[in-house]
């Protein structure tokens, strides 16, 4: 059991929030050492223990023992390259999800969030603080909020809902990027566009790979685990499920758009080549006959009558002009210019 | 809970239609303020409350409370970017559908229609009046019509049927557009065609994305909710289901056609390039040898016997002519001209 | 309820065939007016009423009322653009199928056949007489035939079997067309081939769109409706089902062939361009140096010693010959000629 | 009921093998006429009647009546273009399979084998003797062999096993052909390769079309018909099933290879065109400026001071040399040579 | 029954490890001859018999008889080209898996591992020692390890886990290779890249073909065979299953990357051709008119006034310069340089 990331024990920060349905039943505590944590006993009906930074393996092991987490669960929490999944263990539900964000160069980054939902408690494990769940913390302070009333399972729904919102943001940004590149290509395709297209394609692929299992996670939670979720919360999970389906469809539509970007790029480039070829052919077809005429009258034969005509030179120039005009007219007729 | 669209409270218009199976059991009322609505009590067996414009959140909230709609339902009604779906809630069925239309530049536009089907009532929520359901209003006035006899569930069927008819119109128009572009490309491919192809492809993609969930909605209604639909109405829903399947197949066929448009475009362009290359090669192959001959007899060597022949010039011109004729004959033989 | 086709009431022709298992139990009657039909009462165990031409809506309505057909069934009969389907109604089975044929220009045409199978009777509705079912009529006259023994359900099987035979004919013809175009392309690809490929592709697409639901129809009949079909007839339906599967596979194979036709076309065209480019490059590479040499000795410098050599001209001509031979040899070595 | 193949009644040859588990319980008889067959009564527990050549319809009909075969079965036996399938009839199992072989020009040929498995007997119908099952005949003579012990169902397994072995042979040969063509293309792509690629693709397509239903046949036999197969034989059928799966995967892999052959072909050809274009551009870019210089000093102006310089000619030749060297250097730098 | 590989009887090496949950309950023995093996009787609760090298058919047959293995199992063990599978036999589970590794030239090699899991024993059959399972042997020596406690089924899990780890290594290496080739192509595409792309594609295809059935094997073991696996071990199998799913997804992503490599290659090559064509067209368009001018003033007409102007030559040179500058300016404007 080893944490796969930067190892700074002091970075692990445990935040415990206790709450109940009653007015004022809200407490927030932060632990930085194991000892602090061991002495604490929660008073309220429900509590949410959030751990930022996974470097402090001692602390994590203690949490694991205290909540009776299976070794495989502990391993998955520390190995932060997991794909989203949900697993039922005796007494708790274990959820792996990913928080996505768009990095420089249209790269898709993501962090793992591990969630344990037990009877009356929720544990969350994050690599680093992202601020995504701050609004949940705020609404927990409000005694009238749904979370305060519905408890741990609704809290898990809220976490997933925020997480899915992040996906919406990324999909939107990628959509804007695609339109930008589309306009850029229309203005004149350069090989760099091909790179950008590949980057966007890759980002959408990773997005899709994150979304499909997320959808499955929500689907399984909504349908198969009536133990952990109230009927009321299940309606909300169905809503999250709808959102993931919508996200998947948007992603597929964007993938299709990126595919058509590439088609456009290639069609424009092929068109440009066509125009160049056309110009080359026209220039060659016009100048080669003219050069031949000049070459012929540049020959040194003793007996070339035309050379001695008074207006020979001007007649040839005129003939050249007519020939050139004729060829240009021909190309104009065929709409090459 | 916020409405995602232009916010004009005064635009919300509520139309209430009451009806029963008996002759004359038909009343139509319009409310523009909340107060009017609160005082009204329906008298007939069935009523249909239609709301145009979703800016008046107060009114909508009142309607939500009055008909006991779930907060998630209210949210979906106001968030007008939902994909089609059907959801069962205690006491009512909630349906989201989309009314499509074709905009300028082959863009596919759509508006959301939210439908609530309860015992003896139907609520519909639209962004703006589209006139699509006017014929239903008319047939409601006719006491012999099926709607008057079969009530609320048949009314919902009628709404969906009209909505699916709109899809047929759009599919037909897109089919005509594709044929037009096809003829255009055959007359001479230009890069703009590529744009049009991409636009058509996009429109068909959006159409497909609207049709698939619509099919699912009708399928679920027809099969899984015997509570809300009479056996007789279910036969009609099966008919709507068949129509959506037919629409999906037509859309797939059109997508295939658009794909072959692109193939044709590229093949024609490649063919044109081929013809240009052929011309360039032929012109070069004919004129380069001739120019060389002219160049040779333009050299200034002291001792070039041919130059002093009496008919040297004419012999060379003749030779050039024969050479040219030979090359042209060769290209004719290979069918290059 | 409106018929979607050319409206000629007088064209509707009703043919009634009664038959039973006994020797001589076969009667055939034709009605052209409604009155004739109303007075007729069938005597035999089973009868088959066939209607050609759907313009006489009065007659059709009468038939609908007489056999208690649902309004949706009547609508589907008249709307002749339906996709194949089978539907169970109280007391009868309703089947829509399509008779395909290949038109000019590899276009696939089709007509709708609506079949109603009740207890002891079969109704068929066709747009126009096609002669496809004549052989069934003949075999009905034979008291030893299976149809006479097995009755209405076997008659429906026979109709479907004939219909599927028509598909076999079309698939075969398309296969021959593809081979023809293949040979043609090998002889020299021209843009018209691309058109033919697209036409064939389209025909196969429509064929596939007709075959898939036909397979489903037979599958449903064979598996889910034991009420309407004897165990013995079900064996025959299984046979029809096998045929539709075989047809679908043949169609898929032909689609693959058409796809490879296109690949061949493009590869041949690209090859031709390659050959032209090769010729152009070779001609240019051979003649440009020669022309340069000629150009150099055409310069007018006062002091050019070579010009005054006795054999200068012949030496230069020889050098040109050697250079040309060398270049030609080089291209021969690289297998360009 | 008509046989679809060359019709030579005298070619039909019936071979009957009787066997039992006991030592010496093996008899082999050949019939050439119907009469011979009618008088024969099998003595052993199990017998296998094999018919080569399907021209003798009289004999086949007799066999059909004797073993009570359904008319549809008889039809399928004679119509030798069936796809593999298995069908349960009262008292016997009917199997259609295909024996494949590779013909000239990478064409895939196949013959139909119809197998009827009844209680204690196996009937096989082949178009012509292929020798594929000779080894089974041999092992039947061995009293220790599994077939002698396990009887009719194991015999059917043995037949299928041999048949699947033939597929392995064909897959192997096609794999070798693909590698050969691959090497050939690497040595220099010519349009004939495209033909060979299409032929291989077609052969693999037909192979796949034969393998999929064969897999289904074995799957159905293994899983759904416990009546006809002992538990022990079912283990062997599972083995055949594994082999068909392996064959399908190998075929898919080969299809992928053929697809990449085509990619390689096109990439190599495009690369060759690139090299030609490069050469053309380089030659043109080097010689055009030189020719221009020669052309300038070939002009006939009265006043051209350079022409009268003592070393003008040599200076110009030198300048030309330097220009040419510079351009060649430039192209070398850009790695064009 | 024949072994399909290099036949060296003396290479077969049997290693027997006995272990139990108690401290010190660990014994390791090696047999090189059949006699040694026959005399040995295991003392501990569980034992693991591993055979390296399959040339000693005598020994294998003895093992087969001793553990009552089915002839088909023996055949599969010796035929080392099997695809991964799991089969239930009376009293034991038979598993075929493959150990992959990456060879020279991005070729994927693999060896077959056959595993038999019985009550209290595990048999493994490998072609040659690979050292992959050494760490398992080590952890078996540790009495605190899970294997010692959970026994035979956990041992099989450990074997599969190691095997799947090997896949991770290969996927990682292929990912690095792809990035390398990607950078290489960006630096300048050459036809060899196409070869490398095809090799990588092939390797990924084989990887996928190995992974899919492996996933199925683990899935079947985890879900359908509660007899052979403790509930605790099944949790671990679920973990292996997750890993195979992750591997399949990574492989699919890499396949997509390789596909986009090919797109990049073709786009870059087409771009390069475009640049060459551009250069050719520009050079031709600039020099042809200049050469024509030089040709015209090289003509030998008696009456060409310009030739006698004092500054004619310099005026023409100037005009040429201006013409050239104008054309260059034109091309610069169109961004060709």
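Labels A, B, C, D and E are assigned to the chains in the order they are written; within every chain, residues are numbered from 1.
Please note the rule applied: contacts are C-beta pairs under 8 Å (C-beta built on N, C-alpha and C of every residue); 3 or more make two chains touch, one makes a residue touch a chain.
As the structure is a prediction and not an experimental result, all values here were calculated from the model.
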Quiz prompt | Chains touching both chain A and chain D, listed by label | solution = E
Practice problem: Note whether the interface between chain C and chain D is symmetric in residue numbering, meaning over half of all numbers used appear on both sides, and answer same or different. | Solution: different
Quiz item: Approximately how many whole Å separate the CA-defined centres of chain D and chain E?
Solution: 27
Quiz item: Taking each chain's centre as its mean C-alpha position, how far apart are chain B and chain E in Å?
Solution: 43
Self-check item: Where chain A touches two or more other chains at once, by residue number
Solution: 270, 273, 277, 280, 284, 288, 291, 295, 298-300, 304
Self-check item: Graph class of chain-chain contacts, one of line, ring, star, complete, other
Solution: ring
Practice problem: Just walk me round the ring: chain B, then chain C, then whatever comes after, in order. | Solution: B, C, D, E, A
Quiz item: Which of the residues in chain A end up touching chain B in this complex?
Solution: 235-236, 238-239, 242, 245-246, 249, 253, 256-257, 260, 263-264, 267-268, 270-271, 273-274, 277-278, 280-281, 284-285, 288-289, 291-292, 295-296, 298-304, 335
Self-check item: chain C contact footprint on chain D (complex, rising order)
Solution: 70, 72, 75, 82-83, 85, 87, 89, 188, 191, 194-195, 198, 201-202, 205-206, 209, 262, 265-266, 269-270, 272-273, 276-277, 279-280, 283-284, 287-288, 290-291, 294-295, 297-300, 304, 306-313, 316-317, 320
